[in-house]
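In the two complexes below, subunit A is the common chain; its partner is subunit B in one and subunit C in the other.
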Partner chain A sequence: MSADGGGRGRGDDADDTDGPGGSDADDGSVLPDRLREYAVSMAGASGGERLLIALAAIALSILVGTVIVVAGGLIATCRTPVLTVGDLALCYDPVAVYDRLFFGALGDPLSGGWSPLNAQFAVTLRETTVLIFTGLSVALAFRAGIFNIGTQGQLVVGALVSALTVLWAAPALSGTAGTVVLIPLGLLAGAVGGGFYGAIPGVLKAYAEANEVITTIMLNFVAVLVVRYLVSDHFQDPGSQAIQTASLPEYAQFPALLFDPRLDFSLVALGFALAVVVGIYYLLSHTSFGFDLRTAGLQPAAAEYGGVDSARTVVASLTLSGALGGLGGAVYVLMILGKFQTGVPSYGFDGITVSILAGNNPIGAIFAAFLFGVLQSGSSVVDFATDVPPQLVGVLRGLIILFVAMPEFFRLVGRRITPEDRGPAAAPGGAADD
Partner chain B sequence: MTDDADSGEAAADGGETADRERTGDGLGAGLRRLSGRLLVALATAALLALLGVAAVVAPESSVGRLFGIVVSTSTLSATLRLSVPIVFAAIGGIFAEKSGVINIGLEGLLIISAFSAVYGADVTGSMLAGLLIGVLASTVLAAVFAVVCIEYRADQIIAGLAVWLIALGLAPFASQVVYGSPNTDSVGTLGTWTIPVLADIPLLGALFDAAPPVYLMFVTVAGAWYVLNRTAFGRWVRAAGENPRALDTAGVDVSRVRYAAVLISGVLSGIGGAALAFNIGQFTGNGPTMVNGKGFIAIVAYLFGNYNPVGALGSTMLFAGLDAVQLRLQTRQILGVPDSLVQTIPFVAVIVVLALVGRTRIPEAAGEHYESGEE
Partner chain C sequence: MTDSGETGRTATDAVHLDGITKRFPGVVANDDVDLQVERGSVHALLGENGAGKTTLMNVLYGLYEPDEGRVVVDGTPRDFDSPRDAIDAGVGMIHQHFMLVDPMTVTENITLGNEPERWLGLSIDRERAREEVVDLSERYGFDVDPDARIEDVGVGVQQRVEILKALYRGADVLILDEPTAVLTPQEVRELFGVFEELTAQGKTIIFITHKLREAMTAADDITVLRAGKTVGTLGAADASRERLAELMVGREILLDVDRPAADPGETVLDVRDLTVEDTRGVRAVDDVSLSVREGEVFGIAGVDGNGQAELVEAIAGLREVDGGAISLGGWDATDASRRDRIDAGMAYVPEDRQESGLVMDFDLVSNGLLGSQHARPFAENGRIDWDAAREHAEEIVAEYDVRPANVDARAASLSGGNQQKFVVGREFARDPRLVVASHPTRGVDVGSTEFIHDRINDLRSDGRAVLLVSSKLDEVQSLSDRLAVIYEGSFVDVVDPDAVTEEQLGLLMAGEQPDADVSVGEVSQ
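The block that comes next holds the complex of A and B.
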């Protein structure tokens, strides 16, 4: 129903493009228009419904994932199948996969002697920390009606700028003073680097009307290549085969509170991430900039009429979004890696899923990021404990986005299984889609 | 049938009239759009001419040698080879978007078919069977996308991204299951079909000494142009994207036309992905996989080509040509520019083209769910 409303709104827009000023905002590329409709339709859904849809999407993804694991297990060849029926040999045990994926990621909380400080849980939290930043980055742009697929590139650029800045400044300082100065400096550098890289598609969209979905994807490729060139030709650690910078000194990295320092997780960094969440929440809900940004996302014509400079809002939103991605990159360098190395994991793409799953809500992003932290961390446990390829998590990521994108499906199923209806057709309706 | 065709035509014409009116209201925008395309064409021609002059003046300079690379038969041949997956995906994208469904998941369709084609060829021992299996896989994924978008009204952009990400995970997953690595085994490559005499023409001989998919690409471009512009189905597709209400009134099922168009994008992307994989006889699934953004470049190619298959071929040849030149530059080290930077050329070119073309006039109802009035 909300989609219809959005459709009508867009039809009206198209009809009254006589005004020379209005045509620019109304008649732009369709993607942001679709986003607006999506944002409207998601805003129309109540918080409870959104949570239900998110949970249902996760459950359905796990179900489809199980089918994929079983299919893979039948195709793969192995010496000790978990199940043999006639000629068919099943090599993968789907229950074991999900057991390792979820309980393994938490460090087996049900097996007694569990401590929240265990190594695998630290990995989960450390992935969560970076994913909070990338999720926020995508969510902020989304709220402004912009689809930033470039968080990955912004994170890569931010990570390199952060590493180089800290390497440059580190010799001048040492000890606790070094930590106190260098970490904020590294975070700032990452934010500036990512923000700059986010501003490029912002300017291209605002002043050249270049569709940001495509430009940000292209800039991801460019970032990887340029960064590889910069590191290998100018900042290469001579003692290493990998393309990487020299390592940062210990005092330039996030201090590990409570957790074992070898686990590369810092509660300080997680605390910082949560503080940024609160900051972005406040910015969006309680400041005039946040109001302009959200209005530009939902009602661009109204925003323009109300005096919002849409071009500047676009640039500012993408810059801020890029800065958040860059912060994620800085945390990746300062907490996890302790240097910059090419081949950065796909935190930016996971950020898209985090944001969509969270309904682009900053607070929701914490929980969605934790879920993906579990999946990322769990995938290494799966890799270690079973023969199932860890790429399964990549499949789940795509499936979750797909299912969250189709709330209508779950509404339909919901209507069918509600007691008033007494329709027995719920299960076939659900199965038809798989 | 004729009745339907006529009314479909009327609906499409209605859309085109609206098109003209809308372009008319923004004369400045129209000029800019034209000038953007013209600018790219002129800039390309001027750059080639400049290179040519420099080559004549100083054949041994690096600029002269660069010109030698740009106009060589092997560069044209590589350009054609690199164009194949992009052109097939782009034409599929034209059908889908013309019908009102923006298919941003072309990249995913290419990925899934590239793997499936290699796997199919490996299992059956036949390249043709491999091609069919690749096309089947891509079409099934496109069908899922179509159902999700048309039946369950999913946001097309998000669903398209999901298609990409699913394929990005699924293909390396499957490769790991079957081959124990994200890269598959080799299955051999397609040979070339050489047309006698014509293949000996300097430079243009590359057109007559190419792998079968290259010839198929030219046939498909012509066929797609014909179907879109000269058949009843083409009119329905355009009407479904421009004015679905009119098409519905004329008695044509809008959803069915859209399903057909999205499935066509699946079939064509399937051919493109299979051709890409058979080019080197292997699927490589590390990082962004061997598809490496070609599906997204295809989207820019058809936007730049203004939804015309011939235009999409032209803009693809520009991007693929740059890619071919950069590949040659990497091996020859002519300008002394490091490989990593040379590799950015096609991606940067896409961004520049997009910025110059700016807004494109997309079909009126693209991206919108259409609810038939009968319900």
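The block that comes next holds the complex of A and C.
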């Protein structure tokens, strides 16, 4: 009956035309009515409300997670139970787990002598920095109505191009001058590499109507394998067992600034990430190109009506999205690794979740990336400080993300269906429901 | 209606809708509508877009509960809560968009949800399902391969599968919503053959259409709806196309504004031998030529669906041209991009404001910018001046009395009439050389309609060229200086709107030349 229900929810039901607008509404019709209502109400939520919802979601996920930790702790056997009630022994302490997960990631801010420059906080911010780029990459494409799952591939390509360019240029320079030239050069190279790799699915979509979800997924594999071949057969560091390039000279890497250089985190890189966020925000909301992109993302027919060249907008937004992924790769190389090595962590895929958490909002991507950074870095603290197995910690992380993402996910769905849904649909047209 | 008394018929009617009223917020979609459908007949429900045909059928199919009125099927008053109830009472509906599962076979689709079962419902008796489908299609003379996959068969066959699905579920009354919209002329003929076969076996068919000829060819009786009301029911034998066109379009009494005679200047829009295909590849606009000069309103009248939409979209730059040429003030714009046409001074009020004229999720400030997002004074060097955009939106809202008068409101939150006023305001404020207005007053209340008409007259006396498409006869007649009548993609004639009578227009809209010569201008070949 759900297919029939779709007809009921449409905005121009009073109208006889079953125009192409129906397709949008059909997206919503697969949802049961209650989820529909929820989606629609989420679409109208304000920024403050959404923040509250996100905090409530974290609290709720902790509650559910606690149950899982306790259940896991009762099943597991251990020498030193946290709590023993009669025959029941509880192995894992849920309070300790969440304490380590959150406060551990920040380097125990509540204990005395806390300094924001501590090592664990550096790890958190390091992850945050790269995730800001990948989150932005996905978010920008999303805003143009394109689902870019290829950020990972774009990041890998950007990372390699960045590393090779800097390795090529480094011998000509040295010292501070080298840093000032090589870092921007490396970032530019990463952006160009990632942008080029994003342009491929863009062109395929714009001129050959190839579905970008498929092409970007496929191109991820292509990127990883081609890069592996290139490094192992052409750019291999002879002194290493791993498939990696030679190391970049120290002066070609991001300066640590305040933090310990051994922590692989640079405030300069984080500052650059924040600047890019502001830039993308400005691009989306204050430029003609941003207007075109958002219009195309929301309502392609209206964009075409308004003189937007949809093919060019698709190519441009995927190129830009790829460039952001490539920047993430460049930062990964220039700040964290100091070389290129295969087996790049899944920053690009996490970027999809970051983007959804952020509601595809560039500014929101900062907070979403930070939450991800905390969870990433906190997990290692939990592993270290408790007996809870890493798999279980992964479950807890997933729970938090799932709980925070679901309202945002419904908001996205809600925004898709509400335009069609004003008027009749909001009315108790559903009263006729079974 | 003519041959038997009211009481005598109700008993034999397959369907009787009695005084149906269905309201939506701000709209009365059906207003005291009556419909009687004789058993074993084909009944056409004719009306323009927005007349309330689909709403009425959704009431009959149990998708909507009527606010007032009775639904009587087979002489028994019914109260349908859902389509399931309607199906149980023998009413089946075939929607305009088919609801079939593409990778599944014809048999699977037809029996879906009602499969013959084996082992207490744990398994499907596929053989029996197939047999039943074969029997069913043979009984009604359908040529359908029960094992073909839906994705491999054509639209016409898919439609027959939909019909079989309804029959399989025991439908005696079949409702088809615009069944010919997706079919080629050949498939349309076949569908009408199917109608005959079905009615010969006692089934009753109601089909929705806005095409006069189809109603007259396929139906026994025709009920015309206009603006949510029943305008009349005629036997197809008694109906003439001009009479139907007149009933559909209606005549609203509007004050005729006194206005000076046209003082046309240079040609702004020149269309030569234009041919346009619609999305199905069927020729929608066939060799149309027209020209619109400065200070002139060129009107196009016709029943919806005769190629007006495609013609206008081709001129606006939203649809590819298959032959012919379009020039704007001497500049060949045949293959020009939409943006170049906007920059060349073309304003366009689209037929579908919610689909293309407005971004529903944007506020009015952003919507006021749509189409000008690259142009001064709103944008310079790729940067948008939001203050200028806001001011612009506020001006439109004030001048066109858009309510609520809040430019931060999302377009989706406005009523249809106010959305339309905003779109019209934005386009007319473009300082255009040419205005293409497609149904500019559709869904707008009387006061605002008059206001928009005045603005069109202002544009005209201001020396702008206006191309006006409307299915409201009084509107095109009172505003146009020259009036073309379009039928099946071609201009039947170009007439003097002040000299032509409604009867003559009715004939022209039905594709026929009236006896008296009313032509004033060139007609496409």
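Methods note: the second predicted complex is superposed on the first by the 296 of 434 C-alpha atoms of A that agree within 3 Å, B and C clash if a C-alpha of one lies under 4 Å from a C-alpha of the other, contacts with A are read in each partner's own complex, and residues count from 1 in each chain.
As a convention for this text, contacts are C-beta pairs under 8 Å (C-beta built on N, C-alpha and C of every residue); 3 or more make two chains touch, one makes a residue touch a chain.
Because the structure is a prediction, the values reported are computed rather than measured.
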Partner contacting more residues of subunit A (subunit B vs subunit C)
B
Regarding the shared-chain residue A:V213, is it in contact with subunit B (first), subunit C (second), both, or neither?
first
Based on the superposed arrangement, let me know which partner A:T295 touches: subunit B (first), subunit C (second), both, or neither?
second
Output check: A:T66 vs subunit B and subunit C. Expected answer is one of first, second, both, neither. What do you get?
neither
Identify the partner contact of A:V395: answer first if only subunit B is touched, second if only subunit C is, both if each is, neither if none is.
first
Quick one: classify A:D233 as touching subunit B (first), subunit C (second), both or neither.
first
In the superposed arrangement, which partner chain does A:H286 touch: subunit B (first), subunit C (second), both, or neither?
second
Thinking of the overlay built on chain A, is A:G306 touched by subunit B (first), by subunit C (second), by both, or by neither?
second
Using the superposition described at the top, list the residues of subunit A that contact subunit B and also contact subunit C.
3-4, 7, 14, 17-18, 20, 433
Could you pull out which subunit A residues touch subunit C in their complex?
1, 3-4, 7-8, 11-22, 286-292, 295, 298-299, 301-309, 415, 418-420, 422-424, 426-427, 429, 431-434
Contact residues on subunit C for subunit A in the complex?
24-27, 29, 47-55, 58, 62-65, 80-84, 95-97, 99, 177-178, 208, 210, 316, 318, 337-339, 341-343, 348, 350, 352, 354-362, 366, 369-371, 373-374, 379, 382-384, 386, 412-413, 415-416
Which subunit A residues qualify as touching subunit B in the complex?
3-4, 7, 10, 14, 17-18, 20, 23, 27-31, 33-35, 37-38, 68, 72, 75-76, 147, 149, 204, 208-211, 213-215, 217-219, 221-222, 225-226, 228-229, 232-233, 343, 349, 352-353, 356, 389, 391-399, 401-402, 404-406, 408-409, 412, 433
Complex contacts: residues of subunit B adjacent to subunit A:
22, 25-26, 28-29, 102, 104, 144, 147-148, 152-159, 161-170, 172-174, 176-178, 182, 287-288, 292-293, 296, 299-300, 303, 338-341, 343-344, 347-348, 350-351, 354-356, 358-360, 362, 364, 366-369, 371
